[in-house]
Structures are given as C-alpha cells and as structure tokens.
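Chain lettering (A, B, C, D and E) follows the sequence in which the chains are written, and residue indices restart at 1 in each chain.
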Amino acid sequence: MNNPLLSVQNLSIEYVGDKTDFKAVQNVSFDVAPGEVFGLAGESGCGKSTIAFAISRLHKPPALISGGNIMVGGRNVLDLDAAELARYRWSEVAMVFQSAMNSLNPVLRIESQFHDLLKRHRGYSKAQSRERCAELLKLVDIPADRMRDYPFQFSGGMRQRIVIAICLALQPKLIVMDEPTTALDVVVQREILQRINELRRELGFSVLFITHDLGLMVQFCDRIGIMLGGKLVEQGTAEQIYHQPQHDYTKKLWASFPSFHAPQPERQGSPS
Amino acid sequence: MTTQPAIISLKNIGKTFHLGAHQIRGAHDISFDLHAGRTLALVGESGSGKTTCARIIMREYIADSGELLFNGSAITDNSPKGLKQYRKNVQMIFQDPFASLNPAHTVDYHLRRPLSLYQGHLKGQAVTDKIHDLLTQVELDPEIVAPKHPHDLSGGQRQRINIARTLAVGAKAIIADEPTSMLDVSVRQGVLELLNRMKRDLGLALLYITHDVATAHYVAEDIMVMYGGQILEWGDVKAVLSNPQHDYTRMLLAAVPDPDIRFDDPRSRLEPNAVNRVREQAKLLHPHIRSAGPNHFYRHIDG
Amino acid sequence: MVFLLRRICFYLAAFIAAATINFFLPRLLPGDPIQIMFSSAGSTLSPENLTALKLTFGFVDAPLWKQYLTYLGSIFTGDLGMSIKYFPLSVTAVLGRALIWTVGLMGTATLISFTLGTFLGIVAAWRRGSKFDVLFSVSAIVATSVPAMVTSLVALYFFGFQLGWFPTGYAADPSLDPAFSLEYIGSVIYHAILPIITLSIVLTGGFVVTMRNNMINLLGEDYITMGRAKGLSDGNVMFWYAARNALLPTVSGLAIAIGTILGGSLVTEVVFNYPGLGNTLYHAILARDYPVIQGQLLIMTLAMLSANFIVDVSYVLLDPRLRRG
Amino acid sequence: ETILTANIEPATTWVQNFNPFNQTSARQSTSDFIYEPLVIFNRFDHDKANYRLAKSYKIADDLKSVEFTLRDGLKWSDGKDLTVNDVVFTFNYVKKNPALDFVSIWNILEKVEAVDEHTVKFTLSSPSSLAVNRLIELPIVPEHVWADIAEPVTFANETPVGSGPMTEITRFTPQTYDQCRNPHYWDAENLKVDCFRFPQLSDNNQMLTATASGELDWGTSFLPNVEQTYVAKDPDHFHYWYTAGSMVEFIFNQETANADNKKAFSDVKFRRAMSMTLDRQGMVNVAGYGYPTLNEDPTTFGQVYSSWTDPKVLEEFGKYTTYDIDGAKELLDEAGYVDADGDGFRDNPDGTPIKFDIIVPNSWTDWLDTVRIAVEGMHDAGINANIGTPEEAVWGQDLITGKFDAAINSIRAAALPYYPYQQAFNRDDVGKTRFTAQRWFNDDLSKLLGEFTNTSDMDKQKEIMTKAQRIVAENLPLLPVYNNPTWYQYNTTRFTGWSTPDNPFVNPTLSRQNHARLLHLLALRPVK
Amino acid sequence: MKNVLMGLLRNKKALAGLIILAIIIIAAVAAPLLTQFDPARRVGLPHQPPSADHWLGTTRIGQDVFARLLYGARTSLAVGFGAGFIITAIGTIMGIAAGYKGGKIDEAISFLTNMVLVVPNLPLLLVLAAFIGQASPAVIALILGGTSWAWGARVTRAETLSIKQKDFIKAAEMLGEPSWRIMATEILPNLISIVGINFIGSIVFAVITEATLEFLGLGDPQAVSWGVMLYSAQNASALQVGAWWDILTPCFALVLLGASLSLLNFAIDEVANPRLRTGNSLARWVGRVRAGEGRL
C-alpha cells in the first residue's frame, strides 16, 4: 500500500508473568490507508485490544512490546519521547473504548472533559472550549446545552456519542474503536456507526474498528483482519472475507454466525 | 397454535414500578403461553421489559394485574413450600455465566444441591451417577469437569453447567435470559444447539430472551417483539421476521447487521428522525390487536 | 438532599441513644459512683458532712427516670453539671478549655496525615511496584499497626528527653500568659509539633494504604485510560481523573477513622501531657469525675457525629451523582 | 522580685479555687500560706509551739477549755483588721455549714466566744489535752468576706483575702499560677520570698523533667533513682532528703464477709506468721528504691516515735516483725495451718480454705510492688494470697466500708504516737475513715487512749503509751513494713536556708498536711 | 479457600508476616522451655541491663524482662485472637444478615452499626474498663469484642449487598435453598477474604487496644502482658532512668506482632484482588526492559 496512515509492522506484545510470559500479540502486520475503515475481528482474548492500546502507547507494565514498529504518518510511534507522545496522543490517534459507560470521568462535567483536552493540546480558554464543545456535540446529535451535565445523566448511547465527539475534537487522522457498541442495542448501534461513517466521509479520518461481530464488520469495514490467538491469520477486503474466507478459523466464524437476512449459509464444521 | 397444553400461561399481566414520583411501565397487558417442546423467543432492546417478564414467571415479582397460570390453573399457594413446588418445574438460566455459578463451589456441588433438594430419593453413589449423567447430557466430560471450580471453565462450559442444573431440578419449563450474549460467537451456537436438543428430547418449554433477532430466528418456533413493556408483535418466527407489521419491528430488523448491505448503501440507512418517531410511537399504549396470518399478530398503531 | 435529611435524622437518633447509654452506663455498673467519688476525699469526712457535700453537687436521690429526664433536658440546654475534680468549673467550661487544644491537635494531625497519606498513596499506586511503592506501602502497613503510645513514647524519649529539641509537655510555655501575641502562638506551635508529628505518623499509614488500594482499583477503569489516551499530563490524570474518584471511598473511610483519631489523640495527649479532651477524660476517669466523664463521652460522640456529617456533606459535594439523586 | 518555683500537687490543669474548707479541688497552697494558723507545732523540734496568729494559748486545768490570745495589729491582706471576731465567726460559720467542717471540730466543741478584744475561748464538750491540735486545723477566714457568701461549699474564693504570707494571686493560667506576698503580712520582715510559682505537673515523668532541669526550687515528688536522675545533674545545688512519713502496714479485716478467712485473720498466730513472711528490707529497697524508712517495730512506732518505744516490747515481739519464712512456716505448722485439700496452699486447722486478695490502689506503683513482694513471701509460706488492684477511689471506699479481706494501708504520722493509735483503733470511726479498716478493737487499749487525753503530764503519757504499745505488739493488728518517704528535693541555686539532714529544723515537705511548711518558707533566703 | 491459602504462601509479604507470627506463637507456647524464670516473680536485682543471665535485663522490681515478654505474648495473642474472633463473628453475622435479608432487619442492624460507629471506641472502652475496675485481659477481650464489631459489619454488609446481586445467589434462591443456607454456604465462602481481613485487622486492633488500656493503667496490673509491661516501665520512668530494655522490649514486641499481622492482611487483600499485586512479574518486566528486550 502506498503511504499508509497506520502501518503496524511485525508487532509482538507480551504480558510478563510471574514465571512465564504470555505472548498476546505475535508478529502482527497490517496497514490502514487514509480514510479507510480497517476491521480487526477475533474472539475474546485474541489480542485485539492489546494492539489498539499499543497504537496509542497506552500499555503499562507488565505489558511489553517485544518487537515490531507502529508507524503513524511516517513516524515510529514507539520511538516518541514523553513530550512528543503527549502531543501525538489524541491529536493524531483518538480512541473509543470497549465500554461506553465507563470511559467518561464520572465526576467531571462533559464540558470540562472537552476542556482539559483542548487546553492541553490547543491552549484553549474555557470559553473557546465551550464553543468547540457545542460544535462537536452538534455533530453527534446531542444538544449543546447539555454540556454542563455529568456523564451519569446520559444514556449509554449518548455517552458513546459524546466519546466520539471528544475523539473528533482535535481532528485526528485515525480513530481506534475498540468494540464501541457491544453494550448497546442494535438500533442505537446502527445509529452510531452510521453517524461515524458519515463523519468519516466528511472529515476523512481512518478508523481501526474492533469487534467480534463479523456481520457488522463486513457491513462497515473496507478491509478486515482476522485474529486468532495473537496472530493475524487472515487479512483482506470485506468482500473477500465474506465471500471467500481462506482460513479455517474464518470459515468457522461464519458458520457460527446465524444471519437471518440472507438465506441460511451452509453450515460448515460442527458446532462446538 | 399447538394442541399441547401450555405449561405456563400469562394472562394480561401488568407491572408498574414506582420510583419516587415517576413510574416505569415494566409490563403491560402481557399474554403468552409456554408449551412443552417449543421455544418462544422474546426480543426487544434494553429496558423493554424482557427481564421483568422472566421475573414474573419466576415469581420474583408479583404482577399488579393479570394472572399467571401453571399447567392451566392459577397459582394460589404463595407459601415457601408452594414456591418450591413451582420452581421444581420452572427454572432459569442467567445471562452472565461468570456470575451465575458460585466461585466458591465445585461443579459437583452445584449439581449435588438441586439433586438433594428435589431428588431426595437419590442416595450415595446414585447421586454421583446422576451428576455424571447430567454432565454427559450437556456434552461435558464428567471426570474432568465435576471437580473443577467455575473459574477453571470457559463461558460456554459454564452455561452448560447452568443448563445441567436446571435439568437436575427436573424443570419442565426453562427461562433463559440472554443465555449467550456474554459468550463468544464461536461457542454461542453450541449452547443454543444444546438448548434446542433439550427442548426436543426432554420436551421442555423454553422462553428464550434475547436482543439478538438473528439467534431468535435460529432457535425459536415463536417470537414476540417487545418494547416499552408491551409486546408489539408476535407469532410464528418465520411469519413475523419475513413479514413484519409493526413499524418498530421493521426498524429492529433493519438494524440487525447484514453483511450483504454495506453502510454506504442507502438501503441500509436508518433515518435518525424516523427512528425517533418510531420509538416515540412504540412507547404509547396500543390496545388494538390485528392479525396478519394464522399465527401472526401485532398491535395496531391508531391514527 | 433527601440523603442529607435522612442522615440528620439518624444523627439525632444516634445522639439521643448515645446520651442514654451515657446516662445509664455508670448507673448500671457495680458500685455507687457517688460514694466512690467522694470517698477519696472523704477519709475524715463524717456521713453528715458527705451528705451535705452530695447535696451541694446536685446528686439527688430522685427516681431513675426522673434523673434521666432532667439529664436529657440539661444536655439540650448545654448544662452538663459541675466537675468534681476541677471544681468550681462547670463541665462545659472544663471541656471547652480542653476542646480547643484537641481540635487544634487532631485537626492539624488529621489534615497533615490525610493530605500526606493520600498523596503518598496516590503516587505509590501510580508507580505500583516501584521502589517508592514498596517502601511506602510496606512502611505504611507497619505504621498502621504501631500503637500510638509506642510512637509517642519513643518520640518523647528521643526528641524530648535525649535530644531536647522539643518540650515534653504542655500546650504552651507555662511562663507565658495566653495572648494573641507572636510569642505565645509561636510557643503553642512549638509545643504542638511533637504530638502532631507522632499522631500524624500513626494516622498517615492508614490513609496511604486505603488511598493506594482505591487508586489501584480505579486505575483499571476506562476513563483513566481515556485520560491518558487524551495526552493529558500524568499529573493531570493522576489527580484530576484517578485521585478525585479514589478520594470518594477514602473520604467515607475518614468518617470511621475519626474514631481512631480520637483514640490516638487520647493516648498522645496523655503521654505528652497535652491539655486536650483525651487527657481530661483520662484524668477524670482516674478521679471518678462522673460529670466530666459523661460530658466528655457526649462531646466526643457529638464530635464524631459532626465529623460524619461533614464527611457526608463533602461526599455529596465530591460526587455529582449524589447531588442530584 | 524573688520567685520560688515549687511543685505542690500533681494536676492536669490548675483551677482557681482557694476555698480553705474545700478538700477536693482547692489549691494546696491555700492553707498556711493564705490562711495562717493560730499556732504551728513543729514535730521536728520537739513539737514546739510556734505562735503565729496567736501569741499564746492556755489549756484550762480541767482540760475542758482552751483560750487563744491573738497578736496585736493583725491585718487581713485587704488591709482590714483581723480580730477575735473573725475567729469566732469562723467556728460558728462552720457549725452553721456542716459541709465545711472537714476536721469535724464541732464533735469536740461546745461553744466559742470572745473573752476580750484579743482572747477567744473554746469550750470543749469533754476534757481533752489534745484539743489544741485539732482546733488549729481549721483555717480562720475574714468575716467581712465570708459572711455574705451564700454557698460557701461551692464558693471558689478566686481572689482570696487572707492572713498568711502569700495571699495575692497575681497570675493564674491553667498551666501555672503565681501566689505573691501579702502586703499587710504581720511577719513580713522574716519573709524573703516574694512569690511562689506553681507550674502544673501531672505525673512522675513530668515532675522528673521539671525537677531535673533545675526549674524547680522546691520539689515534692517521687523521682525514680533520684541520685542519678536528679542529684547527678548538679551535685552542688541539687539535693534531696526523704524523711519518714506515714506508717505503711498490711491489715487483715477482722470483720470480713468471708467466714473462712475470718477464722485465720482473727488468729494472732496467723497474723504473726504473715508478718514474718514480709520481706521488709526488700520492700524498702526494691519497691521503694530505698527511700522509705524500714519499720520492723511491732508497735508500729518505728523511727518516727522511736523515743516512745519500749525496748522490752521490741525484744519480746520483735521476732514477729522480722522477715523469716522458715519461722513463719513453723508457726503456721504449729497452729495447725496445713494443706488439707492438697491444692498446695495451707488451709484453716478445721480444713476450710484460706484465700484472700490484698487490695492496693492500682496506680500506686511503689505500694503495688510492695504487695507483690508480700505475696511472694506468703506464697513461699504456703498461703494463697493474691493481689487486688482497684482504682484508688474504690480501694479507699472498700477500706471504709469493710468490703475486703486484706489490704495495704497507711496511718498518718503526727506529733504524738497517740494519734496513729487513736486513728487506727477508735471504734467510733468505723465506716468513716480508712484508718480503722482492719476493724480490730481492744477495750483496754481504748481506755488507755482515753486516759492519755485526760492528762497533760508527759511522764503519765509515756507510761500510758508503754502499756498501749504492748497491747498492740502482742496482738499485731497492723503488720508494719515501712514509713512512706516524704518527698523533698531542694535546689540551692536560687535559695538557701533549706531544712536539711544536717539542720533538720522543720519537716521539709510542702504538702498540705505539713503546717510547718510555713516555717520552712520563712527560713528561706534568696541567693544574692 | 485453598486458593487463598496457596496465594498467601506465594506472597512475600504474607510469608514475612506468617514467619514472624509463627515465631511469636512458638515463643509464647514454648515460653516455659525458653526461660526458667517465673514472669511474675522477682528473680534478680532491679533494672539490670541485658546480660547472660537476664537476656533482656530486669524490670524495676527485678523480674526477668525476657520471661515477661514470652509469657506476655500469650496474653496478647489470647486477647487478640479471642477478641478478634468475637468481633469477626458478630460483624460477619450482622453484616451478612443485614445485607442479605434487607428490609427491617437491615435497617435495624444498620442503625445499630452506625450507632456503634459514631460512639468513639477507645474513650468508651476506657470508661467501661474503669467502671468495671482492674479489667483482666479476658474481660478486656470481651468488652472489645462487644463494642468493636461495627466496622466489620458495615464492610461485610456492603460486600454482601454486591454478592447478593450476583446471579448465583438468585440461582440458589430459584433452587429453593433456605435463606440460612444461602447466607452460610453461598455468601460466606465468597466473603472469605473480607472475613480474613476483618479477623486479622480485629486482632491487631485488639492487641493494640488491650495494650493501650493497660498502659493507661486501666487493666489488671498483675497480669503478665505487654501492656502491663509498658505500664510498669512507664511508671518506673524506665526511659528517664536509662532502662531502655524495660520499655522498648514490649514496644518492639507490639510493633512486631502488629506488623506481622498487618502484612498478612495486606497480602490477603492482594490475593483477593489481583490488581493490588506487585509480584514477581514487575521485577521480571523491569529486567527485560533493561535487557533491551522490549519497551512500552
């Protein structure tokens, strides 16, 4: 791929244990092009979040990046020093976490969760932050006058949308979404992803989308990588993954996915 | 519908929660039957009242209005003994396999307790044999699994233990409240298969509660779509899903991920305004019931 | 608001219950308190003499329930009777005198230990597993298990007697008259340093451990990670995100800790001859000065209740979820 | 201005109370220093009368009345005249307010009247040669102040008007107070100290610190290891002298509720044996740091009244008050106290068990240690004795009410041996004081003591006491062990003229019981 | 249960705590073998410094400090464990009953608990001990047990409330288990670490409080215990006269016992809550980073 926005190269990540180490990510490589939605699928514990964390360099001991590079916009993220890292985070890569419920600070008003970010990266005053906050909330269909509320006063779907608005605040080139909608209803989930899709079209950022719902993934992503036990076992366009799955594991995943839209696909493999 | 007698029937059940000044409609005018050898799926989004229905059936909540019938007769005995007698027949499988088994006890203990409570005639070796049977029935290796603690087991295995536990009681009806939503995609199928088999082989009546329309389609004979405490549409699974009548049902189905229609495709699009409108409307009470086929009913939106 | 109202009702009930216990306790236990009280002074007193004295001090032989009602009434009017040992001071005056010192001592020590302990706990949690963490968490654990008297005795011995850096008693230089002068205030501070330090040592450990554990539990939360992902400075995330939330359970722990603090300050005051409530209580007990003992328990309970109330209020202020709820 | 810093009483906080009738919470510097006595008898100078407010007194020949003559020109500290009317007022005032009468003076008094401008006459209810000692215990207060006091018992007398050398409270804080010279003091020319300063000290350790720092001129506290902790700090100026004070003894309650114990307690052989188990020297050395004065005198007189002791009595009964475990065992065996039930302890001759607690105030550590040593000895002799450690107040009450088996107790030392005997063996005092706690009485003894007060003839008195002491030594109702030390440290840096072992002109202690402390104060001279 | 134990044995802090505790217990039990002296008797000259005869010197009246230390450990341990047991038992029963039963029972127990919590504990104990008079260690343990359970009850209740929400409790109810059985066999085993922490914390509290009461002179001065040792030493002005062994010995013993138990408590916390753990993995992690095998 020419000039990928994100290029993960031979990434290996371990969790250091008391006696032995656990290799959570093994030699994973993939690229994400500007404006592209790249999906990472795989079952629980296969290392998806571990990769997502590494991209923002959020890991803490005992996680250990034991090999590989993460290139964003041509720079190796792993080589950034503390100051560069602070600048890099969120302004280049923003992130939506697994649970919408808990990724907003429960004791801070929504506006101050925008403000601390904007102040840090842009040096905004309170008034400026408030103005920007209003704009952003409008983008995700939340009335701007609610910015003085606390997170617990919003429903789960609204909270997730607020997080997305915060993600957009610095106009990052990449947004990492780690199972952003698992806790939500299908309808809400659809509304949110639809909104993200529109915003992506509008603003041109790329998305790294993590989920274990293959159907949703094919619907939303341009390209998809399938992970199994820390390894990236298959990678291709959504089309390919859906219609011509190569790896046995991918096939098995499809088999266990009952779709009611399409006529039932022939089931391969036996249910476990 | 079917000719077999209903094991459990709900007749015009209503339940309102009072939270200080305001009220929440938990269930309104709910009626349905659970039949032996059949699965009834109850779908709906979060907060629509599914669990409330389950709890009313489990007699954890007392309904404000309406009747709960067991084997065709209204329940009158509210003593602990009567409750126990009832629960011998009606059991529940919970959503979170990690929380529904006591981490302090072994699998063996989890199955031994219902046996000693409900199959008191079994003694000594007979109990152990029965536990083996049960575990084999849910496709687990008794030798390996019985002595283990829950945290040594995977989510799918735990859910199987839960199923075995209801079998140990000897229940005729099982309420499964989102039994697979916490499981990995790859093992969900297995658990559902197992439930299906139990239904077939043992003639159980199953209430399958889920927000995942796709799996409901896969396991159930009948389906009910719930919103705001009301059942908006119900009937044969195929009929309802292929020919939804209520706007809300339509919207719900449209929102189910479909690999064949990408987001960029205008067909997939849900208009936010439309969504809100449907939601607002579905919240209202709809007393008029219409039929759209021999086994397909819905609440008609007036005006 | 409903929450606070409920609490206030509880406090009122608790206060009356405490007052009741307070009244009946000495009367239920063996021995006639009045006899005991005067017997030490009465080695040559004739019975007539004793009776006259008792009457003067207001010990009447009314029926218990009547005494109880009088007692309850007098509590609410703030009249706690006369001290025997410190005659002619009223109990209120004796306690009032002592209260200032205890409040100063405990207040400062609590403030220091809470701030320091919480801060150390935050940093230890943030740098979990580092040398800093190991050093401070282990010494905090050890510190929580050291009795206040041990710390006080050892500090008194080394810094008071051996090195002579600090005075070994009193709340101020006895040769100075209480005044709002630099000299006097300086002397008060100088005399308070050692007791405050020992008391703080006793208390800090607990705060370190609670705060550290609360913090560590919180650090796994998504919003903390989100704070870091936002590129906020470590300090910002540590204090604004993590510590603020971790503080909530610590603050409620503080309410319970007040009891420990009172106990600790009692021992410290006795060892350092600091004229606070604890010391007063101790000597009142030795002298069987029942009116003072009763008043003291009451005032301590009242202190606990107010501390709890303050904690309740600050809890509401700290946690927006309670404010609206 | 010369200020003398002294430790007069332990306190956690000073309370301004100078009511001379108050025995519980008034400052101990009230009597003598603010309210000067009529006369002070100096025990250290052959009980010589030092005339203070009175310039003389006279006991009537029939011993039925006493007349005191006041000095001329006496003034109260506010400048008003001090007259016989004040004396008469005071005694009648106390009669009117019995709660003030802490010396129970009206038990022996019939009436008080002014004979003339300078003379006041006390008529006694029965003849007594010793009434003077009691009369002078009551402080004389100014009529013009006290006549208007509505509640004299609770009156705090914060700004006292007195007759003594130190009447002016110039400074009073909870932690220190200054008591300064009386501007109208009649004996001002002998008074060279301008002010007392009393810092508040609450326990041994604080007193030690204050004394050892040289801050105190006059100390009256127990100091552990005084040579090392005090004298060594400045051997040229820091001194101490512990004279023999109250007599400490073990007692057995003759009227104990425990019938089995009572059998043993009432047996003089048992008491003698118990007395022989007491390691008195050990008690003095170990429990008392060597400060108390050993008392192996079966009459209990000991060193304080050594001039009264009959050597024959000592010879005859002295063996029962010397430490001799084997002797004790022998005596017990002889008397039939053997271990009947095999529990390792001796029982009564009739087989009933003996088991008792010796009670001691739990915070009086020297006594506690004394009892420990006693119990060790009793165990060695096979007696099941234990320690009971109530609070001081409870101990006092138990002794008064008689709810105990055995105890350690003390009797105050006074000018004559008559007083301790009168205190301990006066049947009328049962239930009123702790001194009669052993509840042992003897009619012969009572008669002798009655005779004693009916004569003022020294030889006659001596004869009576010789008979009395034989009765006591023979029956051994009190098991003397030592005399408590009277604590006294003095610092010659700022003042001289102290009473010392070389010049023991006065009982040196500053405690309230010692009226001669006033004489001591007047002898002090500031170092220039 | 087994896991907790295994976890404890693997935890360094727990191991240190257990070893110290074991030494103290052994010393207490084997006291007659370790010293020939009677702790209550005078066996030497007053205030002798440590020597071959008297390993830790003698007290003011010539008792052997080492013997008193050993026998005193018995008292401290007995009071600690006794009171700890009572406190924990009452606290746990109250806490579980309030948390599980809810409703009126909860309200009553919670009120009682909060009541006890707002009455200052040490002052109350002081008054009680004084009124009872020369409280023996056993009496002190009883009073402590009766007045100090509230904290445990509150914590247990809170934890019970969260366990009660778990589906396995609901499952047991659906099975028709009687409520006593749910409390005893479903809830209690899951509270094991809380109960453990409560127990050990109560022991520390009881040991310290008993010593404090005795130090203040409200105990039985005859008892052979660390608190009485402190009291006697303080009364004899041991520090001022330079007899440091007399007063520092019980101080040190108290600190050691307290520290060992607190370490154990901390470790239970760590075992129960893996997040708190700072095990070997961090050391290994640091090693690997140093070796250049990786970064964050």
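Rule of thumb we're sticking to: a contact is a pair of C-beta atoms (placed from the backbone, for glycine too) under 8 Å apart; a residue touches a chain by one contact, two chains touch by 3 or more.
According to UniProt, the chain labels map to these proteins: A = Sugar ABC transporter ATP-binding protein; B = Dipeptide/oligopeptide/nickel ABC transporter ATP-binding protein; C, E = Peptide ABC transporter permease.
Everything quoted here is computed from the prediction, not taken from an experiment.
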Query: Which chains make contact with subunit B and with subunit D at once?
result: E
- prompt: Based on the averaged CA atom positions, which chain is farthest from subunit B?
  reply: D
Message: I'd like the Å distance between the centres of subunit C and subunit D, where a centre is the mean of that chain's Cα atoms.
response: 41
Query: Where the CA atoms of subunit A average out and where those of subunit B average out, how many Å apart are those spots?
result: 32
Field: Inter-centroid spacing, subunit E versus subunit D (mean Cα positions, whole Å)
entry: 47
Mean-CA-position distance for subunit C and subunit A (Å): 51
- line: Touching at least 2 other chains, the residues of subunit C are 31, 129, 161, 286
- line: Going by residue number, subunit E touches two or more other chains at 130, 133, 217, 234, 239-240, 282
Query: If you look at subunit D, which of its residues touch at least two other chains?
result: 205, 209, 363, 391, 394
- line: So the touching chain pairs work out to A-B, A-C, A-E, B-E, C-D, C-E, D-E
Statement: Note: in the complex, subunit C contacts subunit A through residues 129, 221-223, 225-233, 236, 240-241, 244-245, 318-321, 324
Query: What residues of subunit A sit close enough to touch subunit E in their complex?
result: 14, 16-19, 21, 57, 59-67, 78
Task: Would you tell me which residues of subunit B are touching subunit E in their complex?
output: 58, 60, 80, 83-84, 87-88, 91-92, 94-96, 99-105, 113-114, 117, 162, 165, 169
Statement: As the complex stands, subunit E meets subunit B at residues 1, 166-168, 170-172, 174-177, 185-186, 189-190, 192
- line: Touching subunit C in the complex, subunit D uses residues 12-13, 15, 17, 22-25, 97-99, 101-104, 107, 151, 153-156, 171, 173-176, 199-203, 205-206, 209, 363, 391-394, 396-397, 400, 431-435
